[in-house]
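In structure tokens below, several structures.
Both of the next two complexes hold chain A, though its partner changes from chain B to chain C.
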Partner chain A sequence: MKKITWNTENIMAVLFFAAAFIFPMIFGDYTIDNFANFYVTILISLSITLIWGFTGVFSFGQAVFYGLGAYTYAIISIASDGSLTIPAVLAAVAVAALAAAVLGYFIFYGRISNAFTGIITMSVATVMELFMTQTSDGKWKIFGVPLGGFNGLNKIPAISIADFKFRGTAFYLLVILILLAVFFFVKWIEKSNFGYALFGIRENKLRSEMFGYDVAKLQTVIFSISGALAGLAGALFASWSGYVVPSNFSVATSTIAVVMVAVAGRKNITGTMIMTWIYCWFTQKLAATGSEYSQLILGVILIIAVLFIPDGVMVALFKKLDTLPGKLSQRRGG
Partner chain B sequence: MEEKGNKEEILVLKNLSKSFGGINAVEQFNLTMEQGELHCLIGPNGAGKTTVFKMIMGILAPSSGKILLNGEDITKKQPKDRARGGISIKMQVPGLFPDLSLKENIRVAAQNFVPKKELNTEIARLIELVHLQDVSVTNPLVKNMTHGQQQWLEIAMALAAHPKLLLLDEPAAGLGPEETEFTAELIEQLNHDGLAVLFIEHDMNFVKRIAKNVTVLHYGKKFAEGTMEEIEKNEDVIKIYLGK
Partner chain C sequence: MQVGYDVIYFIYQFLVSTSFLILAALGMAIIYGMMDITNMAQGEFMMLGAYTTVLLVNRAGCPFVLAVLCGTVVTALFGGLCDRLIIRRLYGRTLDSIVVTWGISIILQQLIYILFGPDLEGISTPFGSFKIGSVSYSVYRIMLIGIAVVLVLGFYLLFKLTKFGLHSRATMQNREIASAFGVNTYKINSLTFMLGSALAGLVGSLYAPLMGITPTMGTNFLTESFVTVVVGGANPLAGTVLAGTGLGLVEGTLSIFYGTFIGRIGILLIAILSIRVLPNGFSGLVERNSIRRKRR
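Here is the complex of A and B:
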């Protein structure tokens, strides 16, 4: 008899996306609109999975690319009066990818150690945030759109095709489809030669060179892809919220994604998606009940989780569930 | 100017030197290896053997001197280009990817050198070559494999690059007698198939068992060179190294 096995991660991924498509039939417009941003946040987490989980490079600066994506989308969509929102999304991705490639070039070809990479990326995010807060003077304009300093930009047009504006459930479904595409893209990387090259670099950089890998180039490429993904998240956020502010560049934006990936298990894509969703939901619940200690409570839970389950909560859970079919068939005496 | 050497010589080291903060780890070292040669580098601890290996692979830049591979000057080339040019190494300290499985380790080592369609066949071939078929059934994470298994896996990975010159830094270190014997047979077989092998080893029985030519390194300088029989009879070598 063939032994029954299953792959919990794949089952969870199917359930995760099935749930995402069913939610609009269960919940009201307000909740769905609210959920949309959860899935946008998941894109940032996945960008960390690529650079940190796959490649072992510790980036504390995904907010740089998220923020750049958000501002790029905002500026182009406002400047074009809402007529160029799709090009604005593409431009946001391109600007973020280019910024990441340039920053990555200096970091990786300069052979900067991993700990410093974290510090450098965090510093760049902080500088961007500070710079943006100081652009309230009217002279700071791009395409005639004032950057607005501390107040940022608002009345940002939503993504639209012809006269159809992606708002509410339409926007939600658009984000889910984008996330699904990104999920398959990341899964494809995980199985590809490129992915294995990244794993080798994560495990042993010097050894990888001796197998003929151009380590600095591969690191720069994945850093750029990761930045592009964060930029995409930024653009979607700008379209969803209708405003961008300098604090989109804040360390908190980067940190939360890093923590999510660490707690879920940094090599596990599905685990990271679920963990990020739960986190988003939980912070909102705690905040809504008026607890100003929500971040503190979560912080403590996360520290405990990382201390006791260093491989990741979701990874440990998936492993437990992987053994379930075997146990069930044993119980049946099979 | 690029120096062109003899194509019959797979590896030539010319006056190779390396100093670390004024201390000469390797001094004016010369070595010539013919195609298909099996050559052993011996010497007391700290003689500079591993430093020589690191310079051949490009991990360390020599302070002076030249390295020629198949007559081509590769002194300034990066490790990745040397790997693609046909040099492969098994390091002294296991240089594996601990959190990847056995097969994944070989894949990372092999995928630059075979088309993707042939990757699985190649992985199976390499596993068979180093007799890890039994272990590969469960395909464990490398960090959970025994020391001997890791040593052979590393040899398999070094071979995945289809090298013309294989560098082995202490292939028998920490192995039991049977494991050592298998390693010796493996190296002999590879050499028999035409692969040039340069290896460092402390286990003198192992060296006597397989080496044809031996170079003795002492305080970073070439102390003696010759066939195994000549070296064994060399009184100076016996004094500094063989300790008989």
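Here is the complex of A and C:
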């Protein structure tokens, strides 16, 4: 077991999860229900960090896998009349992982340049959305569940074990526990040899290849893992909201997550989690001014962040705080 | 006789698909091939051209041809502005350029939505149509096929015969050496980006009568242009024309039998499969053949 260093980042991570467990004691049911969705968005952010921050591949595929996860959960849970919700979540993760593996196989073994990965995944997302939109015709059925076209699927049963339904605060706590598990999983990847191989690919693909790493395989594997995470987020969203629509496939769903990863620092998961949470909270507070401008603001923030703070705001902040005690004691000594 | 009509209809459909693919992809291919920048906002630049045209025709009563010209110029200027403020800082940062141009596309979509709402009243297709057998053919679409041919030829001559073409090809091959020989590579890049934007504006304006005018209409172009550029590879002209023709054949055929949506999915699948077989696209194929010929 490696020793944990108590730098600002790790302290913030502990505080972040501690706060998450304390919130239900402070806020009312309605607020907590809303918060649950924030943490689902954070899951998407983490899945983007894995593929973009760790491996250096920019992809809009998260929207595809998120949508697939949401639809898979919806179809299985509706078809089983709410009795197979846990298997539905697992199936959602599996379908998303498989789809990511297949798409990743073509992208990474085809040695497509990074530039095109973004557009390919975006096109796939657009086509999926279009496809789902035109399924309103009754002949589009899976397991006897009509796909519903533009209106999507409604009245999706919530996740349940035996007779206990995860709704409200119970669902919130479930999401937090899942997020905690995912957080440790991502942290483990970050410190493992697998993670270091990914960083190697990010910094220089050719060099990694020359060292004997199977770059395409590693990329496909991490793409599939990140797809699975997005699928999980999709399933949780479907259970939380009770509906899925074709626009769940649209790139716009993952816009917030992408921007937050870019702004917070794409290599830093704690910063990303905190940043995503803060943004979700802000948009909720500013909801009165309408979401019309939120996309506009997101776009501007994204451009400014990438141009001027490529390492990320949160990373810079953590660094400042890390060196602060040293500076203070220096001043006192001098 | 009926077979003859069918053949004419098939050729028409094929050329319509091909010209759309080539026109949609040309600007993006030039920016990607010359500057190694993937412009995710290319579709939104086309949307900008289309909006300018439609607004000028509908609200100012401007003649269509003049409006198309204005759409082209406005988009070119906007592209120049983007290059000055943003793109210029990203030369050589391929991955960041995708993210930032995507940011530009979000802003443009939302800005247009805020200014003009979810859609605009379209303009009618000019020049009418004629009939061969029982099928009617649009004169305007046939003109677009002609415009695609003229543009490809024009750009071929531009890159082969002019000084700008020579300098930009030099920059494309090796930026450092070109600039050591006194080529102002920044200026070449700026001009290339403006050229790509102007093309986007022109194509957006030209297709304005044929499409729904919405803030997200650019996404319709993006899939098509991406597919063509990916299959075409780095050579902006030869690659794009070959890929456009091949994919046009697939899309045209599928559209006739199964409708446009299946046609669209078809070319996306073909594109994803073809990068597995031809990683450098048709350009790679062309280059390999020309090298082989020289060796002989």
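The working rule: the second predicted complex is superposed on the first by the 303 of 334 C-alpha atoms of A that agree within 3 Å, B and C clash if a C-alpha of one lies under 4 Å from a C-alpha of the other, contacts with A are read in each partner's own complex, and residues count from 1 in each chain.
Just so it is clear, a contact is a pair of C-beta atoms (placed from the backbone, for glycine too) under 8 Å apart; a residue touches a chain by one contact, two chains touch by 3 or more.
All of these numbers come straight from a predicted model, not from anything done at the bench.
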| query | Now for A:M210: first (chain B), second (chain C), both, or neither, which partner does it touch? | reply | first
| task | Between chain B and chain C, pick out the one touching the greater number of residues of chain A. | result | C
| message | Is A:D163 touching anything from chain B or chain C once the two structures are fitted on A? First, second, both or neither. | response | neither
| Given the touch rule stated above, what does A:L296 touch, chain B (first), chain C (second), both, or neither? | second
| field | Touching partner for A:P310 - first (chain B), second (chain C), both, neither | value | second
| task | Identify the partner contact of A:V127: answer first if only chain B is touched, second if only chain C is, both if each is, neither if none is. | result | second
| task | Pick one for A:D81: touches chain B only (first), chain C only (second), both, or neither. | result | neither
| task | Pick one for A:F199: touches chain B only (first), chain C only (second), both, or neither. | result | first
| query | Residues on chain A in contact with chain B in one complex and with chain C in the other? | reply | none
| Of all residues in chain B, which touch chain A in the complex? | 57, 59, 78-84, 88-89, 91, 95-100, 104, 107-109, 111-113, 116, 157, 160-161
| request: Would you tell me which residues of chain C are touching chain A in their complex? | output: 32, 36-38, 40, 86, 89-90, 94-100, 102-104, 106-107, 109-111, 113-114, 219, 222-223, 226-227, 229-230, 261, 264-265, 268, 271-273, 275-276, 279
| query | Within the complex, which stretch of chain A touches chain C? | reply | 56, 58, 103, 106-107, 109-116, 118-120, 122-124, 126-127, 130-131, 134, 255, 258, 262, 292-293, 295-296, 298-300, 302-303, 306-307, 310
| note | Within the complex, chain B is touched by chain A residues 193, 196-197, 199-200, 202-204, 206-215
